[in-house]
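Just below sit the structures, each encoded as structure tokens.
Shared chain: chain A. Partners: chain B in the first complex, chain C in the second.
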Partner chain A sequence: MAVTEIPVAAPAARSVEASQRRTGWFLTAPAITLMGLILLGPVLVALVLSFTDYALGNSGFNWVGLENYEKLFTRSTYEKMFVATFTYVVTVVPLSVGLGLGAALLITSVGRFRDLYKTIYFLPVMATLLAMAIAWEFMLHPTIGMVNRTIEMGCGTFLEAIWPFMAQGCEGGFPLWLGDQRYAIWVVCFVGIWQGFGFNMVLYLAGLTSVHRELYHAAEMDGARSAWERFRLVTWPALGPTTVFVVTISCIRAFQVFDTIEAFWPQGAGPNKSAYVMMFAIFEKGVQQNLIGIGSAITVVFLGFVMFLTLIQRWLVERKVHYG
Partner chain B sequence: MADLHIDGVVKSFGETQVLKGISLDIRHGEFIALVGPSGCGKSTLLRIIAGLESQSAGDIVIAGRSVAGVRAADRNLSMVFQSYALYPHLSVADNIAVPLRMRTMGAVQRLPLVGRWMPGAAERNREIDAEVRKAASTLEIETLLDRKPGQLSGGQRQRVALGRALVRDPAAFLLDEPLSNLDAKLRVQTRGEIAELHRRLGATFIYVTHDQVEAMTMSSRIAVMMEGQILQCDAPDLVYEDPEDIRVAEFIGSPKINILPAELNGGSLRVLDRDIARLTRVADQPGIRLGLRPEALRLSGADSVLTGVVAHHENLGSEVFAQIEVPGLSERVVLRADPSARRRLGLGATVGLDFDIGDALLFDTSGKRLRPVIEAARAAHQVA
Partner chain C sequence: MTRDWWKHLILILGALVVIAPFYMMLSYSLKSPGEIDRGEGGFFGRQEMMIDERCVALRDPNRDEVASAAKRFPGLTDREIRDALITEAEADCAMRPAVFNYTMAFTEAPLLRYLLNGVIVTVSIFVIQVLVALPAAYALAKLRFWGREAVFSLVLFCLLIPVHAIALPLYIMLAKLGLTNTYAALVVPWTISVFGIFLMRQFFMTVPDDLIDAARMDGMTEFSIVWRVMLPTAVPALLAFAIFSVVAHWNDYFWPRIVVTGSRELFTPPLGLREFKGDGDGSFFGPMMATATVIVCPLIVAFLLAQKRFIEGITLSGMK
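Let's look at the complex of A and B:
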């Protein structure tokens, strides 16, 4: 609403304006109250608690100042937490967005079985991750798992000669996957991508339907011969708003990863805490160990990241990718 | 030389046949106006020529070479789309520059950021810039060059689309209603620009339009299309004066041609139960029709062929059109008269109308043109 200031406003006009303003506040009051109660309130409580040593069941608490945050940024456990979280985000977001886009483009370009492919790629999104994690656990079992047994078939073939991983594996056994701290976080990433890209694909499919078909014809007439040129000239720019949304959603979801890790390693978040992501840390500190103070501090940092991402998204949506 | 032959093109969408065997020979440098009612398949034909749609049967030959299997980008044609099809994320200047960049710069030179540092790219970019400015000034959109298509009015977008098609020098231009959204002044002006461009480049133009003035004034030939067929393709004056089909006669000309039911019996032509002429070399048939342009009718006194009451009149200053209700005819007859006759054409006045049989166009039952020899007109008239 644009309010233009008129230097000499008649009193009548001013009172109309005031009453409009009052009505506005009145009408938005329920929404504001609800938002305060269920959204801002808990966040504020978490913020306050993050400066204390409160534990559930205690009758009181002490103010500890920034002690919790200091721990967060100095202890090696939390360093592992940040490393694991960022490794996950930096791997899963680009790959699941890229694969989602690729799958959407492929599906729109095939004539038949379109719905079949859509369903297949979307299945992991609908499935319960906890159940799926158990299935993956079986598949990744070091000796009887499907994955290692499939790789084993490559032993004795030329693959052994050209691929060091193969040669090593055939001699000394293939990786333990879930039990090896070099691989653990990557397995989590893999499951995250496998599970998440179908969701991005669906968003991109929706985005692709809004691309004006005639633009491809115009591009063709203008001399865009290769699929890549048409993609760059028409598809990618048209998908700009979708991409901003998909990337933001993927980032937030990646920061929230928890259930895979809980299912694979309920106790320790991976060998040597190599998959100790933020959500798991919040759960472990705040719920399992009843250290509400430090748990709240991690939550606040987590909310900070999400807030930052959301602000970037808003900024991009408002200025760059909006074609009006 | 880029002659363009369209040879028996058929197009079906599922069950419905949209184009039913279109054949047209277009010589290099011709300006063909393609006219016809909405939904008759004009855009479809244009898209097939362009290679954006594949025909169900038939062939397109450009410059002596069949372009079956040649993709649109390689046919070297330029097109204005009915829906404009501007790239929404690019500014007006970039939109117009796209065909030049795509066709004259290498893939590396076009790369974002690094491309402009490639050898030759800077110079090429300057040339393209100059060409874009020239096209923009012709179309009066220089002030809009930095805007996005979303910030333009319909007419401005149309001019950008036209600019994008006209910056190139292709074998043929395909324009799908390129002026439909412009105001009257700009339309006349742009019409002039396109005609001028046609003369200068000597390129082939195929121009779809709903505007008869455009078709009549710009084209070397008009192709009248209806229900997926080309009924006639001739010079504008021929299409108007000598239509081959009653549908062409009805479509071309505004106000519409008057159609009177007539009868041919023993060589005598009867209209409203009056003998008006004797014809030979034509078989007797009952349901023939007589077409009379508004200017072929003239006011006359008593004992006219048609007598009726003025139901409506329009004074355009230089001429007057009157609609006359004639008993026995289902539609009003339109007359074009001199302003001096205005007084006789007051509402409700009874007037007589006459015509030379030589000015009448005869069509048979199926709508095809009849060209009989007129032996004798009614006594009061001279033999045409």
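Let's look at the complex of A and C:
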């Protein structure tokens, strides 16, 4: 039997190979086509249009060279855009990652109500951000909002004596929050952190379960007595890969902030454009004002940032940042 | 427990800040405009009967109605009949604030239509994503063919491109094709989920080859292997991916905002809420928060019912 099977098997293998090649391409064809049309195509389109003065409805366009990019890096509007975007990213990423880690560590160290805290902190991740931004807008309403009403309760107490902010507010009224240039971007940052830290917490909780118990014993044997020492020597290094991932994804999400800003200030992205972030700029310039050249230039710069961040992450992961 | 009190204190304070806007949203959706303005009434408000001024205004009796009602009020002057009719209208228009807010949410704007649109869009996106990603993932994981590595590198490269970032060129392309303001515009950019392909490929790598060889022995075609062998084994991973996809697209605001302009027929829930906010004045806080509650609720309730699965699904991207 075995002898007769061998000559049959060889051509069969070859035909299997051929058929696998055909089905392989056949099964991946829709995905490849869509990747080309929906992801790679638009990147090229943005790149090309960023060198033109194209507008929807025009039959043709002129090449303008680097003019759009020149505007992007010289005009004060775009300076505000970069300042607002980076302020947001640089504030939201460390704080939402830090709070996520803090919450995860606290939750794993307490005995009771773990699941309850976890559920509550995860709620904002699930909720429609636009709806929650509107809820925050009401909370921050200068006169009838819950925030100022709560702070007002501190008036006339010892808080007024020890906290200058309180004393000022009780005398001359509490901040307008969204209407005040000094607070606007920070309120947006706050909502971003409020919404995102639960997501980071869950990732850290998953990371913490994979830290080996023996490592803590070993560290204790080596004289790491305090909780801080144990964290520094065992937990933090073991969480390396999680941290790399959490930071990258927080950065990419932070760069894409839009809903909160559109909900708070549909027209101008904050008092004196103080919250004029990149996604809002793309939307306003490219879609609303039909200035597609400049909108595409912002898109290209934006993609540059995001790809750069992801590549750094992949590089760090490949270097195997964990020692756990 | 006693040693941990400070930890609980911090966690509880955090929880209060996290819950505050949800509390306010729900509470305002139940209260009357007056209670919202004055900040009274606790969580539920007093639920006193309130009169819907607009409903009364709509029923403001005209000359003919006064004349035809004369029979019911014999011996009264026209003016008295008019007053009596208004009182009747007020009685009919009185309702509890909670009922008022939620009725307004559904009647002021076609909220049901928005919710239906949300369902149509999220479901079509998910179904198409699976139809495209599953065969590709199977081929990348289990078939040997020339160019496979190249295709996989393409997938890895595309993972770098967030769809929101290329919204402008996508919008231009759709506008050129005359597709803005259609369901297609809402769905098309999301039909390819490179992340889905990557995820399912990683999952299929763990499926033993024997299973596929056995199916081939039985004379199944590769196509039916994908749908009748691989699909059933992938159900847990698909469920997690479904949650990931549905949550993202139910809550998405940026993309619908770009491609849907004007026509309410196509509004997704967040767009509807946004429009409600745009034309409402102060007295609309209640109905608006009712709308927000209705939109946020489905996912929150589903999450509370199946927390483990949801957390798994949303943090899927953590599996990279």
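Structural remarks
The working rule: the second predicted complex is superposed on the first by the 283 of 324 C-alpha atoms of A that agree within 3 Å, B and C clash if a C-alpha of one lies under 4 Å from a C-alpha of the other, contacts with A are read in each partner's own complex, and residues count from 1 in each chain.
Just so we're on the same page, a residue touches a chain if its C-beta (ideal position, glycine included) is under 8 Å from a C-beta of that chain, and two chains touch if they have at least 3 such contacts.
Bear in mind the structure is a predicted one, so any value in this text is a computation, not a measurement.
After superposition onto chain A, the partners chain B and chain C occupy separate space and fit alongside each other. Of the two partner chains placed by the overlay, only chain C lies in contact with A:194; chain B stays clear of it.
Touch criterion not met for A:86: it reaches neither chain B nor chain C. Legend: residue contacts after superposition of the two complexes on their common chain; A:215 is shown touching chain B, with no touch to chain C.
Between chain B and chain C, more residues of chain A are touched by C. Of the two partner chains placed around the shared chain by superposition, chain B is the only one that A:233 touches, whereas chain C remains out of contact. In the overlay built on the shared chain, the residue A:224 is in contact with chain B alone; chain C does not reach it. Shortest separation of chain B and chain C in the overlay equals 15 Å (C-alpha atoms, whole Å).
The contact sets of chain A with chain B and with chain C never meet.
If you check the complex, the residues on chain C that touch chain A are 1, 4, 7-8, 10-11, 14-15, 17-22, 24-25, 28, 36-37, 39, 131-133, 135-136, 138-140, 143-148, 151, 154-155, 158-173, 175, 188-189, 191-192, 194, 197, 222-223, 226, 247, 250-251, 253-254, 257-258, 269-270, 273-274, 277-278, 285, 288-289, 292, 295-296, 299-300, 303-304, 307, 310-311, 314-315, 317-318, 320.
Only residues 47, 50-52, 71-74, 77-79, 81, 83, 85-90, 98-99, 102-103, 107, 148-151, 164 of chain B touch chain A when the two sit together in their complex. On the side of chain A, the complex with chain B involves touching residues 212, 214-215, 217-225, 229, 233-234, 237-238, 240, 323-324.
The touching residues of chain A, when paired with chain C in their complex, are 17, 19-21, 23-25, 27-28, 30-32, 34-35, 38-43, 45-46, 49, 56, 99, 103, 106-107, 109-113, 115, 117-132, 134-136, 138-139, 144, 146, 149, 194, 198-199, 202-203, 206, 242, 245, 249, 252, 256, 258-259, 262-263, 266, 279, 282-283, 286-287, 292, 295-296, 299, 302-303, 306-307, 310-311.
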